[in-house]
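Below are two complexes that have subunit A in common, paired first with subunit B and then with subunit C.
So, the complex of A and B:
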C-alpha cells in the first residue's frame, strides 16, 4: 500500500516544493538537502512556479504494473523556469502536437491506481500553458 | 619472444562460461548459473575458488529470491565459500567483477568466481517493465510511469534534435549488433537485419523502435579469476590480465543531471580506466559497450572519448564500429543481438573480450586483438563499470 511513502512526498507532489541553496542560490527540485551545485547544506524550502518547457518527450505503450490502464500516455522531461528539470506525464493535450520547447504548466492529477482496494496516487503532471496565464 | 612472468598480485581471468541468451522456459535461474560456473571452472579445473560474486538485478522482484550468493554457491557444490550478490542494476556484472578483482588484488583470496545470472521469462510484460524500472528513481521517475524504453526515448529524441542527425542516425548500431550476433552461438538472434527493416520497425516509445531496443531474456555467464601468484600450470589458453577496473556513478534520475546527453559516469569510469592501464582510447582494439538501447551506444562512444560530443552516431555510418573498423564494438552482438540479460550483461561482455584476446572468437574475431574494454551501465547511465583486459605476450 505504501501510504506513508506517498504521504511523505505530499509537498513535492502537490505543491512542487523544493529547496533553494542559501549559499549559492541554486534552486533544487526534487529536494535533496545537499546542494548538487556547491555541495553545501540546502534545506530552505522553495515553492516552484510550476511553469516550464518541454526538454524531451515520448509515449509509453507498454506500461509497467500500476500504469497499464492509462497507456498510452506521454512522458516528458520538463525544464522548470527556475532551472531544475523534472520527469512528468503530459496531460490535457487534446489535438495539440507536443514539441521540444513547448511551454507547459503543472497540474495535479491521478498518477497511479494501486489495485481495486489500493490507494490512488496523485501528483504533478504538466499541460500546455493556457495562453491567458 | 622472451618468457614473461606474471606479476604476483595482478589479477587474471583464467576461465569463462556462457549460456545462450534465450527464453529458457525449461530452465531455472540456478540451473543457468550452474552451467556457466561449470564451464568457467572447466577451463582451469585445478583452481579452487574461495569466493563467488553474483551479479543480479531482478531476482528479488521477478523470482522472489534474495541471497543468490548462498543459493548459487550451494547449488554449484561450493558450500563454505564466501559469496554474496552485487547489485548495480544493468551495471551489476561489471560491479561484481570489480569486487572479485579487489578481493584478489588485496590478497584476501587467491581465486574467485563471478557469475551473472538473470531469469525474466517467468513473468509477463508489465511486471518486467516495473522490475526494470527499479533502476530509476522510484519516487520521482517511476511514479510517473516511465519505462527503460521511455528514458532511452527521451534521450534519443533530444540527441537527434540537438545534433540535427537524420532519423535513422542510430540504425548502424543495430545493424552492426545483429550482423555480429549472427555468428555467435550464445546470441538470442542469429540473423542479420537490413536497413529497410530498421526503417519499418514498430515503435516502442518514439523515436525508440523495437530495433533500437535489446530484448530482455534469460541467461548466465561466469568468469574464473586468479592472482598472478596462483595461476594454474599448463593452461592451453593464455591468461587475460585485468589491467583496469573502475566504477563511477551519477544521479539515477536523468532530470537530476545537469547535462543529460553526456554520460558523466561512463566518461569518468572510462578515463580512470585508461589512467589505471596506462593507455589511451586509441590503443583499445575493441570495446564491448552497453547498447541496451542504440542511443546508449552513441553516448558511450562519446563518453569514452572515441567521438566528440554529438558525433558518436557518425561512427555507425562508415564502418568504424565493425570488426575491421577503427573501434569495433559489440563484437558478439552486444545486448541488441545477444539479448539483454540486465545484471548479467557485464559478465557476458568480459567473457566476450576474453574470447577476442585469446583468439577464439571464430567468425567474430577482431584481428590482432590484444587490448579490449568492457563497460556496462546501470539504468540510464547512473552507474558505469569499466574494465580493460590485456593479453600479455609470452605468458
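So, the complex of A and C:
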C-alpha cells in the first residue's frame, strides 16, 4: 500500500535532493515547489551537501510501529549548512554524547522494514562527522 | 590446452581505476567474546576482532557510502557511469537488485546497467573483470564495481569469529584518467564444493579442512602463477600483493608459498581488525594499499570465491593517485573509528535474537 509513497520520495530520502528558489536563492528542503521565503514557484532541483549541526535532540525509548527494533534511538533537529532545518535520526553514535552544535553529516541508512515480507525503506540519517568521530 | 597456451585477459583499450572508496561499519566484536560464549575462552583466536554493521546498515547502505567515496576520488559525475554492479553474499533482497538502490542514491540513474553479482567471496572481483571488459571494449567510459558483505556465520561455528562486514567500490575508466592502470587479468575456475549456502538457508555450510588445499590454495596459486608467467613477472617485481583473507593464516601461507615477503602483503592484510568481509575482502585490502602506494608501484590482487574460483589482476599506480586519494576518507580512518561491543549486543545487531 505504501510502496508508491516511498517510491515518490526516493530522491529526497536517499540523497537529500531538495530545491533552490530561482528568484531569491533560498534552499528548500523538503522540496515543496513554492518558495517558503518569497512565495514564488521554485522547482529547480538542488542536492544538499548533507553537512549540518545538531540544533536540538531527544532520545526515543518508546518507538512508533515499524521502528521498535531500533529503540532506543536519538532524533535530532539538524540545521543544514545551506539553511533548512530537518528532523532525522542520529546514527553511529557509539559511546559519543550528543551535544547541541555538534557537526554531523548525512548518511543513507535503512529506515525500516515493512514487516517480514514488505519493502525495505532507505533514507537519510545523520552521524558525527567522520573526521571528528 | 597446455599451460603455455593460456592467454590472460587484456582489453582492446587500456583500463584503470579512476576512483575507489572503502566502507567499514563502526562496531567491533573481539574474537575473545565469541570464545567466551562458546569455548569458555579456550583455544586460539583466528583474528583480533571483526567489524559488525549497525542495526540500520546492510549491503545497500554500505555500498552507497563506498560508492560516494569512489565518486569523490574519481571526480566524475555519477551520470557518466554506465554500470553499477554489486557483488555480495548478503544482498538484502532475494529478488530486487541492490544495485538499483545504490545507483539511484548516488545519482547514476537512469541511463545505466545495474545488476547484482554472486560468486561467494569473489562476486566483487567478478564484477571488476566485467567492468574492465565493459570499459575496455569502448562500450562505456565509466563503470562501477562493488564488493560488499555483511558476512554470515552460524553462532558457535568457526566462521563466527571471522565473518565481518565491509567492502569497497571501484570506478573503472580510461587509462588516461586512472590512478592505477590494469596490465592484465586472469580467472581460474573449477567446480569445487568447499563452502556453500543453500537457497533460503540463513547460514553457510563448509567442508572444514576441504576449504584449504583443493579450494583456496589451489585456485589462488593457479591464478597468481598463470598471470605472473604471462606478464613475465616474479613476486619481487610487485611492490604489494593482496589475497582473499578468510583468516590470517591462509593469505600469509599462500603469499609465502608464491614467494612474496610479509612486507608486500602487510598494508592490505586487514582481516585481523575487520574480519573476513567475504565479497569485500580482497577489494578492501586493495583500497588500503592504494591509500599507501606511490606512483610506479605494481600491485597484484588475487581474490578467491568458494565453489570455486580466483580472479587475478596486475596493476600499476600512476602519478594521479597521491592527490586524488585525499578526496575521501582512507580505509584506516574507518578502521580507527571503532566501538567495541559484547556478544549480546552483537547478537541483537545481527538479528540473532528472534522475538517471535
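Quick note on the criterion: the second predicted complex is superposed on the first by the 130 of 133 C-alpha atoms of A that agree within 3 Å, B and C clash if a C-alpha of one lies under 4 Å from a C-alpha of the other, contacts with A are read in each partner's own complex, and residues count from 1 in each chain.
Just so it is clear, a contact is a pair of C-beta atoms (placed from the backbone, for glycine too) under 8 Å apart; a residue touches a chain by one contact, two chains touch by 3 or more.
Here the structure is a predicted model, which is why all the values come from computation and not from measurement.
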{"item": "Contacts of A:47 with subunit B and subunit C, given as first, second, both or neither", "value": "second"}
{"item": "Which of subunit B and subunit C A:88 touches, first, second, both or neither", "value": "first"}
{"item": "Touching partner for A:56 - first (subunit B), second (subunit C), both, neither", "value": "first"}
{"item": "First (subunit B), second (subunit C), both or neither touched by A:70", "value": "both"}
{"item": "Touching partner for A:111 - first (subunit B), second (subunit C), both, neither", "value": "both"}
{"item": "Which of subunit B and subunit C A:121 touches, first, second, both or neither", "value": "first"}
{"item": "Partner chain in contact with A:9 - subunit B first, subunit C second, else both or neither", "value": "first"}
{"item": "Residues of subunit A contacting subunit B in one complex and subunit C in the other", "value": "70, 89, 111"}
{"item": "Complex contacts: residues of subunit A adjacent to subunit B", "value": "5, 9, 12, 30, 36, 55-68, 70, 73, 75-77, 84-89, 100, 111-112, 121, 123"}
{"item": "Residue ranges of subunit C touching subunit A (in the complex, touch as defined)", "value": "26-27, 54-58, 60-61, 64-65, 92-93, 101, 104-107, 329, 333-334, 337, 339"}
{"item": "Of all residues in subunit A, those that touch subunit C in their complex", "value": "10-11, 14-15, 47, 69-70, 89, 91-92, 94-95, 107-111, 120, 122, 125, 130-131, 133"}
{"item": "Touch list for subunit B against partner subunit A, complex", "value": "125-127, 129-130, 133, 139-147, 149-150, 153-155, 157-158, 161, 203-208, 251, 253-256, 258, 260"}
